[in-house]
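Notes to accompany the following structure.
The chains carry the letters A, B and C, assigned in the order they are written, with residues numbered from 1 in each.
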Amino acid sequence: MSAVLSRTAKLRHPVAGTLAVLGYVVMIVPILFVVATAFTAGSTLRFPPDGLSLRWFGEAVAYSPFLEAVVSSLELAVLATGLALLLGVPVTLAIHRGRLPGKDLLEGLFLSPLVVPELVVGLALYQQLMIGLRLDNFTTLLLGHTALLLPYAVRVTGASLALADPALEEAARGLGASPLRAFVTVTLPMLRPGLISAGLLGFVTSFNNVPLSLLLQTRDFRTLPPAMLDYVQQSYDPMVAAASTLVLAATVVVAVVAERTVGFAKIFGGINR
Amino acid sequence: MRARSSLLLLLPGLAFLLVGFLLPAVAMLFAPPGVGFAQVLERMATMLTDPYDLGIIWRTVRIGLIVTALCVVLGFPIASLLARSQSRWAGVLLALAIFPLLLSNVVRTFGWLVVLGSNGVIGQVLTGLGIVEEAPQLLYTELAIVLGLVQLFLPLAVITCYSAVAQVDPGLDEAARGLGASRTRAFWTILVPLSLPGIVVAATLVFAGSVTAYTTPYLLGGSSQRLLSTQLFSYASVTVDWAAASATAIVMTVLVFLVSGISTLAGRKGATA
Amino acid sequence: MTTPAAALVGVTQQFGGFTAVDSIDLKIPRGRLTTLLGPSGCGKTTTLRMLAGYSAPTSGRILIDGEDATRTPPEKRNLGMVFQSYALFPHMTVADNVAYGPKMRGVPGAERRRRAGEALELVGLAHLGDRKPKQLSGGQQQRVALARAVAIRPRLLLLDEPLSNLDARLRVQMRAEIRRIQSETGLTVVLVTHDQDEALEMSDEMVLMRAGKIVQTGAPRDVFPTPADRFVAEFLGYENFLTLADGRQAAVRPEHLRVVPLDTPADGAVALDATVRDVAYRGVDLLVTLDATDPAGTAVRLLADHRTDAAAGPTPSAGDRVRLLAPEARLALLPALSEPELDPVTEGIS
């Protein structure tokens, strides 16, 4: 891979090519070492690994705190993503198609959770909702994750909506469709790529979230990232490498789904202006 | 769509945003439980004069600046090579650069424990080759944090710069070459200035991410290399010092807003100049 | 007298402080093709959208078949609309697009397909029903949009700049095509355009608009020789304006100004002495730019088309002193003062 990059790069510019290769090394190589150490037969995290085995994968899969955390993470990510879309899509429609004053301000408001540091949001929810209002941690987590995902739902589906010709909906109305029917038969299919992108992004963002999930965790409900962080703090064995490798494999599957449905680069194009 | 139905679409999302984000954030910053705003201000005043606290702020900003510089220096070449490449590998390499964005921060950061740890790759290689007697202390250093953060935010820099470069007409490079500019001159006089707004956005995103990131300084910095984020977490959940937590949160948020504000202003000035 | 297919009575449309359509009255004659013609921003598209029900007038009433439809939503008006962008549903096949209207009306499947086929037949695209809109050329998409609008058996067919996205050759072809469909179906058609040639060629009735008001209405044959004011004249391609000896304003087209030697007798035409300023070769003719003094004594810049064949006389060149003849019958007389704010003057000339 880096050979290809440097070969095409060298033809153009040797300095740029070298920097690019360096960049890829920093981005990718540590991840490869995680995978390599996960297959060790020994009991310490070292490289090169002491022999090959799948033993740590077995342990990771059987380790009940991780298992419970995975279930919690999935549950939370699915609910928060669904809720964010359910709330965010109507907001997008109102902003893009409605006649409201201060649309830019309104959109800015819904994007604001992206601007405030997540750790600050986490602290706010922990202090005000969990301690202040005595909400249970699952409700607080769901509230927080949903608020965090709203920007994706509003902006990414908004980008799809902005691409759709407003005349399509009018055409449907003119042909006899009620407003609801025009939305379901014409607008919703137009929003499909945006909904898939926002859904995937939202799911991944919630699943991987550390700051909120860490501050709002309790013994009863805790997601995978804080569970893994805790484990690394306590003991330093290759089980986390195995768990990480499994997370990596699952992420690859998500990436492939993303590529097949909407196109990988497009999904992330949506969040960066 | 009439104003009233737009409002109906908007309200559920707005209510959620208020309860799940805006109100708690405002309440936490200005009136933590049992603590008045005066105490938060007082704590902030000591933070801005106390050498220990100032040291943490300065370390956070310094690391943020170094990471931002490295991400631009490594990310822009990758972006420009990929955006200008005709190779079919360019798409694969772009996907490879974006993929880490989907992958859990915990997993990505964990890779550096494997690389930099006392039994890690670098230590093993150095002692194995007899270059050093004992593996050097790489973990829990500023260098470790910088490496971890560059790995974390380089993908963001790459795709932001990529969309900026892709918008620059390749004909302009060719025109510059035709007018006698060398490849390097054309790069510095055409591509860089025209992609500058994108580079500024990338730098802002990376800086904001670096000064608020938690996982990386927690895993790679340990307790000796405290940053604002790890400090905030410890105020919130270890010492439960609400005034200090709020003060730290304000400093962090102001830092991020300040930099985004400056970059927005710079962008606007650049657009009119 | 029969009821008009549609009528606008004192209709005004304001957006914020801007008046897009200013208290217009308009009757759309049944079974004929009416064009709303005017420059961009004149209110023609707004008028069409109010007729279709996509925006409600600020005041005034809209009647369709003599019944008040001012507040009727578009889906209950049964009007076929062709959008400038065509607005074909990209996720449906051509046939599904055309069958969409009948489907919304609860027409059963087989009948729906038959009707869609019929409509596609009418526009000559029956063989492309299984394609997606993206796989069609611009002209074909245009025909699908027409078929889709016709398939609901609309009371009126509304066309918003339907030809503006086509290339020049296709545009001319589609003009005839739309006329054919109109006469075959006997539909009442309202077409919005900014192209005077299109309007002249296609209309039974032309409605000229400017700044939210109707400036002139009538059949092309009546409107063209007698523009109501300077604005209409300019819009219809009258490029020369002069004041006659009796103080009346007149407009004349470049092709009706003859460039002749100084000593040629006027023969009843209005004659002006002029100096040739510039001559541009255009193949069949020369475009001659002249500085002249009009009968009222004002200096004017005039354009004349001078045919290159021998019958037209000697070829003028820059600097020549020449005589310009404007036949009385070719002069379009304009109202003395045509301030932009004046109300449209439709009487007086015709």
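Just so it is clear, a contact is a pair of C-beta atoms (placed from the backbone, for glycine too) under 8 Å apart; a residue touches a chain by one contact, two chains touch by 3 or more.
This one's a predicted model, so the numbers in the text were calculated from it and none came from an experiment.
A.B. asks: Per the contact rule at the top, check every chain pair and give me the one with the most C-beta pairs in contact.
C.D. replies: A-B
A.B. asks: Please indicate which chain is farthest from chain C, where distance is taken between mean Cα coordinates of the chains.
C.D. replies: That would be chain B.
A.B. asks: Using Cα averages as centroids, what's the distance between chain A and chain B in whole Å?
C.D. replies: 17
A.B. asks: Can you work out the whole-Å distance between the CA centroids of chain A and chain C?
C.D. replies: Comparing mean C-alpha positions, chain C is 54 Å from chain A.
A.B. asks: CA centre of chain B versus CA centre of chain C: separation in Å?
C.D. replies: Here the centre of chain C sits 58 Å away from the centre of chain B.
A.B. asks: Flag every residue of chain B that touches chain A in the complex, lowest number first.
C.D. replies: Residues 1-3, 5-7, 9-10, 12-14, 16-17, 19-25, 27-29, 32-33, 73-75, 77-78, 80-81, 84-85, 87, 89-90, 92-108, 110-115, 117, 119-121, 124, 147, 150-151, 154-156, 158-160, 163, 183-184, 187, 201, 205, 208, 212, 214-215, 218-219, 229, 232-233, 236-237, 242, 245-246, 249, 252-253, 256-257, 260.
A.B. asks: Sort out for me which residues of chain A touch chain C in the complex.
C.D. replies: 165, 167-168, 170-179, 181-182, 185-186, 189-190
A.B. asks: Going by the contact rule set out above, which residues of chain C touch chain A in the complex?
C.D. replies: Of all residues in chain C, those touching chain A are 52-54, 73-75, 77-81, 83-85, 87-91, 100-101, 104-105, 148-149, 152.
A.B. asks: Please name which positions on chain A make contact with chain B in the complex.
C.D. replies: For chain A paired with chain B, touching residues are 1, 4-5, 8-9, 12-13, 15-17, 19-20, 22-24, 26-34, 37, 44-48, 83, 87-88, 90-91, 93-95, 97-100, 106, 109-110, 112-113, 115-121, 123-129, 131-132, 143-144, 146-148, 150, 154, 204, 207-208, 210-211, 214-215, 224-225, 228-229, 232, 236, 240-241, 244, 247-248, 251-252, 254-255, 258-259, 264-265, 268-269, 272-273.
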